[in-house]
Amino acid sequence: MISFTCDYNEGAHPLILKRLAETNFTQEPGYGEDSFSESAREKVRAAAGLPEAEVFFLVGGTQTNATVIDAMLHGYEGVIAAQTGHIAVHEAGAVEASGHKVLTLPAHEGKIVAAELQAYLESFYADAAWPHMVCPGMVYISFPTEYGTLYSKEELTRIRAVCRKYRLPLFIDGARLGYGLCSDACDLTLQELARLCDAFTIGGTKVGALCGEAVVFPEKAPGHFFTTVKRHGALLAKGRLLGIQFETLFTDGLYFAISRNAVQRAMELKELFLQKGIPMYIDSPTNQQFPVLTQTQMDSLKGQVQFEQWERLPDGRCVTRFATSWATPEESVDALARLFSKI
Amino acid sequence: MISFTCDYNEGAHPLILKRLAETNFTQEPGYGEDSFSESAREKVRAAAGLPEAEVFFLVGGTQTNATVIDAMLHGYEGVIAAQTGHIAVHEAGAVEASGHKVLTLPAHEGKIVAAELQAYLESFYADAAWPHMVCPGMVYISFPTEYGTLYSKEELTRIRAVCRKYRLPLFIDGARLGYGLCSDACDLTLQELARLCDAFTIGGTKVGALCGEAVVFPEKAPGHFFTTVKRHGALLAKGRLLGIQFETLFTDGLYFAISRNAVQRAMELKELFLQKGIPMYIDSPTNQQFPVLTQTQMDSLKGQVQFEQWERLPDGRCVTRFATSWATPEESVDALARLFSKI
Amino acid sequence: MISFTCDYNEGAHPLILKRLAETNFTQEPGYGEDSFSESAREKVRAAAGLPEAEVFFLVGGTQTNATVIDAMLHGYEGVIAAQTGHIAVHEAGAVEASGHKVLTLPAHEGKIVAAELQAYLESFYADAAWPHMVCPGMVYISFPTEYGTLYSKEELTRIRAVCRKYRLPLFIDGARLGYGLCSDACDLTLQELARLCDAFTIGGTKVGALCGEAVVFPEKAPGHFFTTVKRHGALLAKGRLLGIQFETLFTDGLYFAISRNAVQRAMELKELFLQKGIPMYIDSPTNQQFPVLTQTQMDSLKGQVQFEQWERLPDGRCVTRFATSWATPEESVDALARLFSKI
Amino acid sequence: MISFTCDYNEGAHPLILKRLAETNFTQEPGYGEDSFSESAREKVRAAAGLPEAEVFFLVGGTQTNATVIDAMLHGYEGVIAAQTGHIAVHEAGAVEASGHKVLTLPAHEGKIVAAELQAYLESFYADAAWPHMVCPGMVYISFPTEYGTLYSKEELTRIRAVCRKYRLPLFIDGARLGYGLCSDACDLTLQELARLCDAFTIGGTKVGALCGEAVVFPEKAPGHFFTTVKRHGALLAKGRLLGIQFETLFTDGLYFAISRNAVQRAMELKELFLQKGIPMYIDSPTNQQFPVLTQTQMDSLKGQVQFEQWERLPDGRCVTRFATSWATPEESVDALARLFSKI
């Protein structure tokens, strides 16, 4: 059975496995001080056009978000996010576990809007009672969002301007960064995005790696970030595992090449659905597609293709999610097309 | 240059890499619900002789300790440990980060002693002010300890009896469990150890895996442990990476076979040092050896072999650590022997 | 200038000061083990009709909420509250500081609704991803709410039924409990309310005391609650200060008598506003009134009477808050009436 | 029965009660913005000779320590204290509850020693593994200590020099500050002490107040300290209660006058014990005395005088604590003398 349930259904890009095997018995120090990690940091800096950036490799997404946010906030501060943001919904309270509130703004197809951010901050400081409330200490956005959508350069620039005005660092969760940057709808390069924020991540887990998220601080990492990572249980002993993966992904543009594959497959999926008259809940230009299926359509696909049920609509139809990844072969899309031709 | 600096200098056992490659494109669900993890849990249960045990796979040691301890304690409780225990010293305050104090007992070559545990608990509850103090809520020991030493069956049984008396769960940190169980000095089997505690871990990171620690609850996991793992940022999206590794390690006794290799190499090292008249700081029967070197000896080895400097003694000599692992070849010991023959 | 800015503008009921003076040199043990606290606990139990209840005295409201909530939740759980709830807005993240998320429901004039609570819980557990989310662990409501409104017996009974169904303890924040119970609109007695929840507080700070909140657990306090109180920095050394105050407030019905005074004054205020053609933002039957004033009206009152500006409406008018208390004399209302007669 | 069990057995100095009564119906804003608190802050600044200091009033000692320490530390830092320090032993883990480890140094009659502090810090940074450990972020001492002892000006100056060298702020817990400053053995004035640290507290609870600790930051308070106080549940709504008390205590030198009374009574007690041939466990120059009593002596006093049993010695004798306070009358010492004359 073909599966489009998520973008972490497979292992890793074969070049990563090959490189792991090649280097397996090279003795290297732990905790990210190995030569692979050093090389990977250099390659990430080069790709981001930030020769001075500080780069760290952590294992997973929730871990990375919680660690970075905790490192960037004072105790009395919270982090602003869309109410659909991953940290607000699907991280089991990891941010709160380190003592910080997630301050939510309305989500527009997964995105926050600069004007609403500005209005929130104005109204916060206009309220005489604000010292009794959680201080906004930073802004979190995901790129692409949990709904596959992208901020345009202009949208991001506006958000960044509000952040600057209120001296709030901006953190971009790039768990699916490649799938955003390689979308035709994206008008930002990695270098541009890197200059529009104070911290961002480059997701490996969902983009070809077994695990791993690169954290990039374009200017300067929070003090003692290494220790904060350790304190959060996020320091990998065999840092080489992360170094080798990111070194491979950032050699010869592999990260972007495989990201493009996922987006292309997703666009083919979208085309398939639209041809079949199936509407999309959100017009996502990245690797996640959200077709709205009737119960009859769901039943027809059952047992033949796997996907996620996202949300039941009042009219009984179901918002579903079909995700492609670096590993999705054309054959899977073709197989779905054949299924569609029969229903 | 040969290196004995630690037991995580290399990648993974080749069978693990082979298995990762073989299964790479099999689509499997995330978060430990994959078939490899299920099979690995089954194999771990079998090896431990605990068909009903609950088994989870986490990524790293500090993360695992902090997560398990937080899950097993009430907010007002702390965890008892040797003052040299990993959680007390080398985890950057990860236990405190989740709000719990580490209550330390004297360490005897890395071990706590049942009588001192009993005395501490008696004296705690004899103090009328105890409700103003952190309640002891569980006991943590490492096996082998940070100094390579082992608890005997009798010692462990006595500690367990005190724990039972005070209704304190006992947690065994087995980051190097294989190197303990496969030592000639060990009078415990895995099955026996598993019955003498309420939770224990089986370290993969230091024993043949790229990463990964198995957490075993012989009777019952704390409620909602999956969510607690997620909240600690310790849930791996591609759980298959851990499942495949532990499945491989617990197939055909691989975990124990490679552990024996490390211990054998370590015994050869010890023999070498003693023949050379170099005393050991602690008589460790496991994969870590602690020879006490003079400055002249240190200088002679410099640039030829890597090891850790543990502690400077008042007389100027240095306690060093030479660690072997599953990956240490006989050639490395031979090379050291040749070096010794020249100095 | 007369002030209606809040219900903690004055000191304490004179009988409390008198009693403090009388008992001043009696030597008593600390931490709530004094005879006054014991007597106060007995009187609170009697008033609540709960001879077996466990009663504790803490100092302030935010402190009490954070301590009780932390004591009642597991680490992986959050607390459900109205989005206007005090813990969600005005406690500077004290709940999050102990690691717990506040899970918000829509507020209807400050109240949550049983049906929406039920729908939230159903939908939570219907979502296959719920183990990745913060588990609802208890329900928090305030009585009266932050908007002065009250739950009817029926509303509370329905909420309690949903809580029971999902095994969620219900906690009632009674920072202004007296002003709720003594309203003509209240159809609940203290005894009834006490039987409809698992924990509640009786606010002293706003109802005649210098400070102090009584925490009542009708059935059983969370284990080691005394230590949890201490750990939260909420244990008062001279517990007698709280004991004497609650003993006085719960002797001869003083707490209720002075609460009635506040409500009566508030009803007179409401009458004044309505006669003047000034609408109320919310029809509050308790000591807080929310008249909507025009800028001209605000200007006229300026410098003559103090009150809080709550929220600016789109049409330029301002929702204000006038609070009465146990200490508000008839003269203050008369003075406002005279002011009104001139504008 | 006379009691010397602690220094918070009575209520408050009568002038405080008088002032509370006089000001009772004056309407004042909450949260420390009242005129009494403003006046009290001014008087504290004057007494400390620090016209620019920032002063806050909190309710209790544990609360104050936890709040100040959390505000002054980064997440990855811990606080250095004597192993007998109040925060290390008797605060139920309040410091750990906000995520910070208490890093303990040996205690010498309750005191840390500059040379050992220096050695600890040197050895910490000499250990290559320090980034894996909790960073020392500040130093906590109590003055007087929990054993009644005092740091001399020279000792404090040396500790401060080490702190400066390592850029560690120094925090002095003055829960019994008056009893230290007014001892004949003290060679420090309040002004001098204030210049030798970065934060200190002036205890009210044990020195004449119903409750209350003044926190003084000689140079600058940590950012948003008001919000941190609220977040810790340590912000008193009726801040006037604290303002009035500290205003009274710091008018006409009352705080020092009543402190001297306690110390004088304690010296009389000491004299009594020594005359009786009863040795002191520690030679305390402040209000706490630690006579070592035989079982026979304990039995003789039983039912006639109350005191605390501190620690049982191996020879069966008991270290006891007799505490005097601002409220201890000469009659109590006389009564003890009469008791002694009979045994």
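Note that the chains take the letters A, B, C and D in the order they are written out, and that residue 1 is the start of every chain.
The working rule: contacts are C-beta pairs under 8 Å (C-beta built on N, C-alpha and C of every residue); 3 or more make two chains touch, one makes a residue touch a chain.
These figures come from a predicted structure and were not determined experimentally.
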Chains touching both chain C and chain D, listed by label: A, B
Longest centre-to-centre distance from chain B, chain (CA-based): C
Chain centre separation (chain A, chain B; CA means) in Å: 33
Distance between the centres, which are taken as Cα means, of chain D and chain B, whole angstrom: 42
Whole-Å gap separating chain A and chain D, where each centre is the average of the chain's CA atoms: 50
Residue list for chain D, restricted to those that touch at least two other chains: 75-76, 91-93, 97-99, 131-134, 227-228, 230-231, 235
Contacting residues of chain A [partner chain D, same complex]: 31, 70-71, 74-76, 98-99, 131-135, 223-224, 226-228, 230-231, 235
Residues of chain A that touch chain B when the two form their complex: 3, 5-6, 8-12, 14, 17, 20-21, 23-30, 59-67, 91-94, 97-98, 205-206, 210-211, 227-228, 230-238, 240-241, 327
Of chain D, residues touching chain B in the complex: 75-76, 78, 89-93, 96-102, 128-129, 131-134, 309
